[in-house]
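Each of the two complexes below includes chain A, the first together with chain B, the second together with chain C.
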Partner chain A sequence: MTDSWLVRNLRAIRGRAYPRIIGSKREPSWLFFDIVLPLLTVSAYAYVYKFMTARPEFVGYVVLGGAMTAFWLNILWAMASQLYWEKEIGNLQLYLMAPISRMSILAGMAVGGLFFTTIRAGSTLAIGVLVFGITLNLADPLMLVVVFIATMISLYGMGMMFASLYLLFGREAYHMSNLMTEPVYLASGFYFPVKYLGPWAAAGASFIPITLGLDAIRQLFYPAATQDAFLPVTTELAILSVLCVVFMILAKYSLAFMENLGKSTGRLTLRWQ
Partner chain B sequence: MQTAAVETKALSRVFNPKKKKEGKSVTALDSVNLRIEKGELFGLLGPNGAGKTTLLKILSTLLLPTSGHAYVAGHDVAKDFQDVRRKINMVSGGEISGYGLLTVKENLWMFSQFYGIKSKVAKDRIDQMLETFGMSDKKDEKVRTLSTGQRQKMNVIRGFVTDPEILFLDEPTLGLDVNASRVIREYIVNWVGNGTDKTVLLTTHYMAEADQLCNRIAIINGGKILACDTPENLKKLVKMNKTFSLDVTLMNDKGALGSIKGVSNFTFSDLAETNLTRLKFVLEDDSAVSDIVSEVLRSGSKIVSLQKTEPTLEDVFIKMVGKGFE
Partner chain C sequence: MRSDLKTFKNAAWLGWQMEANWTDPFLFATYSIVKPIAGTLILVFMFMVVVGSGTDEAFFSYMYVGNALYMYVAEVLFGVTWVIHDDREHYMTLKQIYIAPISFYAYILGRAAIKIAITSVGVLITLAFGILVLDVGINVGEIDWLLLVGSLVLGLGCLCIIGLGLGGITFLTARHGQGINEGIAGIFYVLSGVIFPISILPSWAQSISKVLPVTYWMEAVRRGLEPGVMAELSSDSGIDVTGMAGFSDLFLMLVLLLSAAVSLVLSILIFRYADVTARRKGKIDWTTSY
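Let's look at the complex of A and B:
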């Protein structure tokens, strides 16, 4: 084992990403559960907006929001609760014993999850565009890529931080995930522009990176609908960049705290404790 | 003095209950002092709850000591845990690690990546070890389809595939059939014996396994090391007389045997169905065997079989602990 620390950790990221990437190929049932089912909710909102004769971009907002739900669900059920699952199936102590950063394990999960979820989100978006005939006017694709990357890094950073917290809470983690599903759909404006929650509520919801990320993505696809924007895209990108750093640092420290607590009490790494 | 593979100094570990109403504190390890040299296959023998797994978890950096110190390959497990982790691996009996949707080879490759092994090197090693463990035909099978024995063989390969300096094996043959256990034991012995200073710390409550495999054995109970030596020396701690059973062709004059010096508890029985006489006696010293043999031959009889019963590690354990394993 003569390779550098960086190479070792990059290999670890690749190793942990692999099961998630290969899993999408080996368990095709996700096509139904993760693409078709979310479209039903999107359809409900889309028809409500159509019958209300809302502006056409509102159906586009719903489809974009529906596509982004895949990332939020991935954060809750495949990032935040993942260390808890790993403990239950006996992998956690093998991860903790390995000579790598704990962030690499979570980064591997994030990379694998991101790959898989981007396919899901892209599929939802494509089907939504076809079914509802929405028009997307992307004026600045480079900015879209930058906003998307910043959103994902901050979002998965938050997921990494949650992973340690969920491990501390044990079985209550299920309730936390449930608790953070529907309320976040509302608070982050998955099915409507977050601006209409009011400035204070929207500002509060902005601590969840997907709120600003989704708002910025909508603005980039509908540059003319400035009346629906919460903050300018550049401001949202700046805040997302700060959130990237903040969540990554918090994730690193919470993981270190969790590991030390586990080593001190002996309760976190053993399946039955 | 050469750096020890493992060294503990007054190592103690106390588990406190989460809440007071959950009971009292448990002392899992109590001032354990051990030194395991490089190249040793060292056994830790004790019943359930003796402290074996706690010791291994401390040595593998998963648990902190309450007091005392533990060093692995010269590194403090509490302070230099990253250095320790680069040199070790651990496999536990009954482990269900890995992901069911991955194949055996993919699972092993994935774990090798956490140790930074080059992909090609890892894949070559995995192929070679699957062959050795008789698992080549299973390499592309999903892990969830494996039997318990096959899964444990895969776990053992996971431990060896990173080529650690020191390997901790926590009851690696627990619940396995004779063949699977034999393959694993043979591999362990060969790995340690290949002259590269590889060290294995094996915990087990199978006495025969410890006796067969280990250069030295520590007997642990209640968190304390009760004895630590080679299996042969540990057996010498039991002052047990050696019992002999001798089958000879029908012997008429047996009276003289009982009066030979050093022979006691002499009994005999004629086995009519086989036309043999069975002599049973206890010797303080093996040298009296020749006198017995001479007397049998002098009487015109012939020796058909001779059995000798010696102390076992179980006798040693009973002597140390006052009871056997449950």
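Let's look at the complex of A and C:
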């Protein structure tokens, strides 16, 4: 008796998430680098704010933004680039031959990536808070959890969509990820409140889910600093919920498009192109 | 010598092809401009959010120029070591380069040279953007060319040499090379007075800052490039804002020269040790899918 479609796909999700979760334990030095490296940038920016005698919450904004960089980097290097790397090392055809939905593979990558990235981001945040003596004032923890979950679902949905698009870029994938690092740090306000980019620029950057997610998280930790908020938290949560659905649908269609294109042009197994 | 120059030239050409042939020239140019400008604009917005306007302030110029120069630190350190990782793990050509009758040092330096050239374009664009759009305090008529060129050459040489030592370590590591490079570049970013004066750091951190060659390099290049800004910061309320005002230009250059010499000896020792160990342990053509 064969397994049902649902069971097979749940197994695929578990199977693809497993190496990411277990892999994080097998290379402890990566854990060290992943926590410490963002802290170095955070420290530099925090000292810039201190030198300019900025309001104390700005150092908190930097620490929160620095912790969230872990998720964006995970999207770029472990979601968007992943199918390209899988093609380079010869795994992609195995995924496509397996009797499962391609979305399950991407979902497994997202679950595994989210697990270890949350640990890293949490550690960066905790150390940053301790080192810089930051006081966080969380009045609504339930809302924080809901906003965080909505941000992650929409963000990883975006990563799943990028994974297909990156296959089309070939060798450009590496450069695309590099190109989308600093500009997104700027546009999404990782190190300063996105509101100060101006309403139109901030609205445009809101297509990147982490923009609204980070702004909402900052508001929840600093409820008194209303002058730095872009939109009310509830509005940001509503937009994030829409983005969750939109990116999941786009991910499914872009994956099907990429697979068909790859098959028709015979490039699915082509390496170093 | 002639053979080494030929290797250097061909390695530089190869590096250029690998860096630039992945896309059409327009997209490559966009990529080369957008990335450094975006990185710099983060600091611009941080400054403007706190201070309001006034990008003609001395501290803004100090921060802006430091951030532009740091591109060399990040790209050169990372670029030199990435050559070994990329050739070995991705293109799997390191063993062919090894058995070719060429100097490996000339090959690495050729690949690094093209990194420096590409980074220089980014640095120049960033500085030009700062001067033209943001009123950064660089006055071409005031530039101390001797100090600027001398410190730039010494500093870049020093970075290449440090990169060579880190490249040696990359021979022996499969998964840590990138973390080590980014970590060292990150330490320089925090402790070398790149985007803020070291005087704001705790005293124990300032002591570390003063043994890092990049601290002296940043100070020397800034004094050459924006002497007015540095004079303004040094004389601000009679306080040593930069934490480096007590050092003369000559002292800075001597420290850079000494740093380059010490780094050269250490890097060659590390590289040779790593090279021999990698050959002995069969790691020259090691692929680990990382």
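Assume the second predicted complex is superposed on the first by the 267 of 273 C-alpha atoms of A that agree within 3 Å, B and C clash if a C-alpha of one lies under 4 Å from a C-alpha of the other, contacts with A are read in each partner's own complex, and residues count from 1 in each chain.
The rule is short, and it goes like this: a residue touches a chain if its C-beta (ideal position, glycine included) is under 8 Å from a C-beta of that chain, and two chains touch if they have at least 3 such contacts.
Worth saying up front: this structure is predicted, and the values here are computed from it rather than measured.
Asker: Based on the shared chain A superposition, would you classify chain B and chain C as clashing or fitting together?
Answerer: fit
Asker: I'd like to know which partner A:29 touches here: chain B for first, chain C for second, both or neither.
Answerer: Touch partner of A:29: chain C, not chain B.
Asker: In the superposed arrangement, which partner chain does A:43 touch: chain B (first), chain C (second), both, or neither?
Answerer: Only chain C is touched by A:43; chain B is not.
Asker: Now for A:100: first (chain B), second (chain C), both, or neither, which partner does it touch?
Answerer: So A:100 only meets chain B here.
Asker: So, does A:16 touch the first partner chain B, the second partner chain C, both, or neither?
Answerer: In the superposition, A:16 contacts chain B only.
Asker: Classify the contacts of A:266 with the two partner chains as first (chain B alone), second (chain C alone), both, or neither.
Answerer: first
Asker: Quick one: classify A:223 as touching chain B (first), chain C (second), both or neither.
Answerer: neither
Asker: Looking at the overlay, does A:89 come into contact with chain B only (first), chain C only (second), both, or neither?
Answerer: both
Asker: Just checking: does A:3 make contact with chain B only, chain C only, both, or neither of them? Give me first, second, both or neither.
Answerer: first
Asker: Name the contact category of A:56: first (chain B only), second (chain C only), both, or neither.
Answerer: Touch partners of A:56: none, neither chain B nor chain C.
Asker: On the overlay, how many Å separate the closest CA atoms of chain B and chain C?
Answerer: 7
Asker: Let me check the overlay on chain A: which residues of chain A are in contact with chain B and also with chain C?
Answerer: After superposing on chain A, chain A residues 27, 89 contact both chain B and chain C.
Asker: With touch defined as at the start, can you tell me which chain B residues reach chain A in the complex?
Answerer: 15-16, 18, 54, 57, 60-64, 82, 85-86, 88-90, 95-99, 101-102, 106, 109-119, 162-163
Asker: Over in the complex, which chain A residues touch chain C? Could you list them?
Answerer: 27, 29-30, 32-33, 36-37, 40-41, 43-45, 47-52, 54, 58, 89, 170-172, 175, 178-179, 181-183, 185-186, 190-193, 196-197, 272
Asker: Would you pull the chain C residues touching chain A in the complex into a rising list?
Answerer: So the residues of chain C in touch with chain A come to 22-23, 31, 34-36, 38-39, 41-43, 45-51, 59, 63, 91, 175-176, 178-179, 182-183, 186-187, 189-190, 194-197, 200-201, 289.
Asker: Would you mind writing out the residues of chain A in touch with chain B in their complex?
Answerer: 1, 3, 7-9, 11-12, 14-16, 18-19, 22-23, 26-27, 89-91, 93-100, 105, 262-267, 269
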